């Protein structure tokens, strides 16, 4: 395919309708993905956000053409993974959730051999390996054994490995887990560059800041279904207020009506006292969240009512709040 | 849905198969000592049992020929070492790669497929086993145990034995869950090795027992090698060849099917 | 005990500590016993085949079936009435060596490299030296048990020359096992990667098993070969085991066999303990 052909392909990179995934059969069958629709366009950065067990990785593995689709339709680069698996995988870069490095090979050989699996010639494979080692800052470790790398270095090597075939579509399953803050920002920068070069990114993550930074569009997944879809800003606008006032009450501080409140969640009991101050109130084990356009106003009103929270915070709404709204649960538990 | 102008397939299946072999060769570069010493095992057996014990035994009759004990044992060792090597590779090493290294999880994310993995691993095992067999045949020649050109065919015969057992052993390994399962391998391997007419003629068994032994795969391999190195080839040899081929092909098909269910979930 | 006074009730339930806080080796070994017993109980099933069945297969294949083709000639079988009686004591001694080295190779290496059991042991008052003693002691016990069962199973084949033969032979086999356990233990402590085991098994253990007189009289190796074979510790174990089991004891030879095995076991013990001490320091 030539550049112009790529540009002219209106075909979405990923197209799914009613996509389902079940594990096991009969009695013990478990449905991890329960009918989702996806349209990921070329050059887009697309995110899956969701708690543990939401079905993110299961979906990613289907997209990577290594996990057969149970039901529904899926097209990757316009092709059916069931019949065109090898051709699809040839254009894909995959960074799985768990590192699957070859610990019998040294760091550099991991990249060289992986490049060879894509049919890349030996000399090119070596050159590409050195280039990528430079990119992820592992040149000094080229001859080291994989087992001797730190967790974050292994992660970086896995990410480098996913780029070895210059993929059109890059699938990153929790890419920054285990990376230190600096490595994380370096990676974000690199992903941003790849995106500018026209690579389509699909990322799963638990980190809202990551999703907000990187993704043009994302879906919030929960229990195998898509709970909401849109750009981060749109999702926040649609599902949350502009600001949030966080109130933390002391354990002994029980509301007026909670006579024998020993052991009860004080936030539970205070919820009624502040319910009318915002659009919505969420009770968490350690905090009370009051959603409103102006958080400071809420705080003032709280004080006026004689309530004395031990700690308060006013912040902007984030995807976390969207998620809480949609699923009733926090993202990182 | 329309399929856009084809993305070219970067690999033929021959290339893909070879890549697995290439990967194994690289990992083996640092283990060359293990590679070299592997060849010694059948030679030690030959010198110990064939010559040491052989001095206590006169001669054996095989397919109408009277041969010294060492010449009787040597082809048995050739077959048995192909068998032992195949089991070693396809049980221990394959299990390690499948369950501990999780090597194939990453390989299958590339255009390489499960059939390529199965073929690649078997071929790698055969490259190693085949070089041991060839070396062993040279040792036999140097010791003066070979008097016929048929013996040249003993090398492909040993490869066939290795192929058949590699494929079947690999298939069984896909069902293993822990290292404890390897006791089952020993449970099958030791009696096959000892009772397949490797060290003594099958006439040591009577009646139905002999019949059972003659139906076991390693016996077919041992006899095939012995017929070739002693130059007493019969129609029976063809039976052995077909037997081992079918075994290998079936094994390979099962491996592929099992890898599909195990890894492509 | 006289030192136990009513004013110090706590001392009644604990053994009096050594002044420096060190444990006696016996106490230390007893403290590690639950661990080793648990491990053996959990893993014995997994080793039934290689520990018991495989050697029986060898006895039947080589001793009975191949033996059927070998003339029963005492002169050519070091005084054994038939090949079966000849091979059994040798096989058991060889098996003692193989069990011992199997238990002290990867299992030892794993204990400081992979599952790091030793690290957790020396984090208590137990000393490194005592860890090595305890491990060797339990390997020795296991080897002895395995050989005892082997001896018992082959008894119906009528391979012993006297009623005390199997007991005396067991002692020789057990000592052989201990000797090789200490040697392999010391080796395991000194290697960098476990690939080194593959080489030593192929170049040392396996040829020892095949050429130390278990399968055939070492005289069959020729004059030089015989001398070389007689230098190996396994030959001393095999020979002692055979003489005792067949009741063909030659006192001076037996004394030499015993002395060599004991000497190597003592040296091996030192090699093992110093190896582990070095290893745990690094």
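Read from first to last, the chains carry the letters A, B and C; within each, the first residue is number 1.
Assume contacts are C-beta pairs under 8 Å (C-beta built on N, C-alpha and C of every residue); 3 or more make two chains touch, one makes a residue touch a chain.
Only a predicted model underlies this, so the values are computations on that prediction, with no experimental measurement involved.
Colleague: Once you've mapped the touching chain pairs, tell me: line, ring, star, complete or other?
Modeller: Topology of touching chains reads as a line.
Colleague: Report the chain ID whose CA centroid sits closest to the centroid of the full protein CA set.
Modeller: Minimum centroid-to-centroid distance belongs to B.
Colleague: Taking the mean of the C-alpha atoms as each chain's centre, how many Å separate chain A from chain B?
Modeller: For chain A versus chain B, the centre distance works out to 47 Å.
Colleague: Report the inter-centroid distance (CA atoms only) between chain B and chain C in whole Å.
Modeller: One centre to the other, that is 32 Å.
Colleague: Using CA atom averages as chain centres, what separation in Å is found between chain A and chain C?
Modeller: Comparing mean C-alpha positions, chain C is 56 Å from chain A.
Colleague: Tell me, which residues of chain A touch at least two other chains?
Modeller: none
Colleague: Quick one: which bits of chain B touch chain C in the complex? Just the residue numbers, please.
Modeller: So the residues of chain B in touch with chain C come to 31, 33-34, 37-38, 40-41, 44-45, 47-49, 51-53, 55-57, 60, 179-180, 183-184, 186-187, 190-191, 194-195, 199-200, 204.
Colleague: Taking the touch rule as given, give the residues of chain A at its contact with chain B in the complex, in rising order.
Modeller: Those residues of chain A that touch chain B are 1, 5, 9, 11, 23, 64, 66-68, 75, 77-80, 84-92, 94, 96, 100-105, 109, 113-114, 116-120, 161, 165.
Colleague: Could you pull out which chain B residues touch chain A in their complex?
Modeller: Within the complex, chain B touches chain A at residues 1-11, 15-16, 19, 22-23, 26-27, 101-103, 105-113, 263-265.
Colleague: Give the list of chain C residues in touch with chain B in this complex.
Modeller: Spelled out, the residues of chain C in touch with chain B are 45-50, 53-54, 57-58, 60-62, 65-66, 68-71, 76-77, 83, 195, 198-199, 202-203, 206-207, 210-211, 215-216, 220-221.
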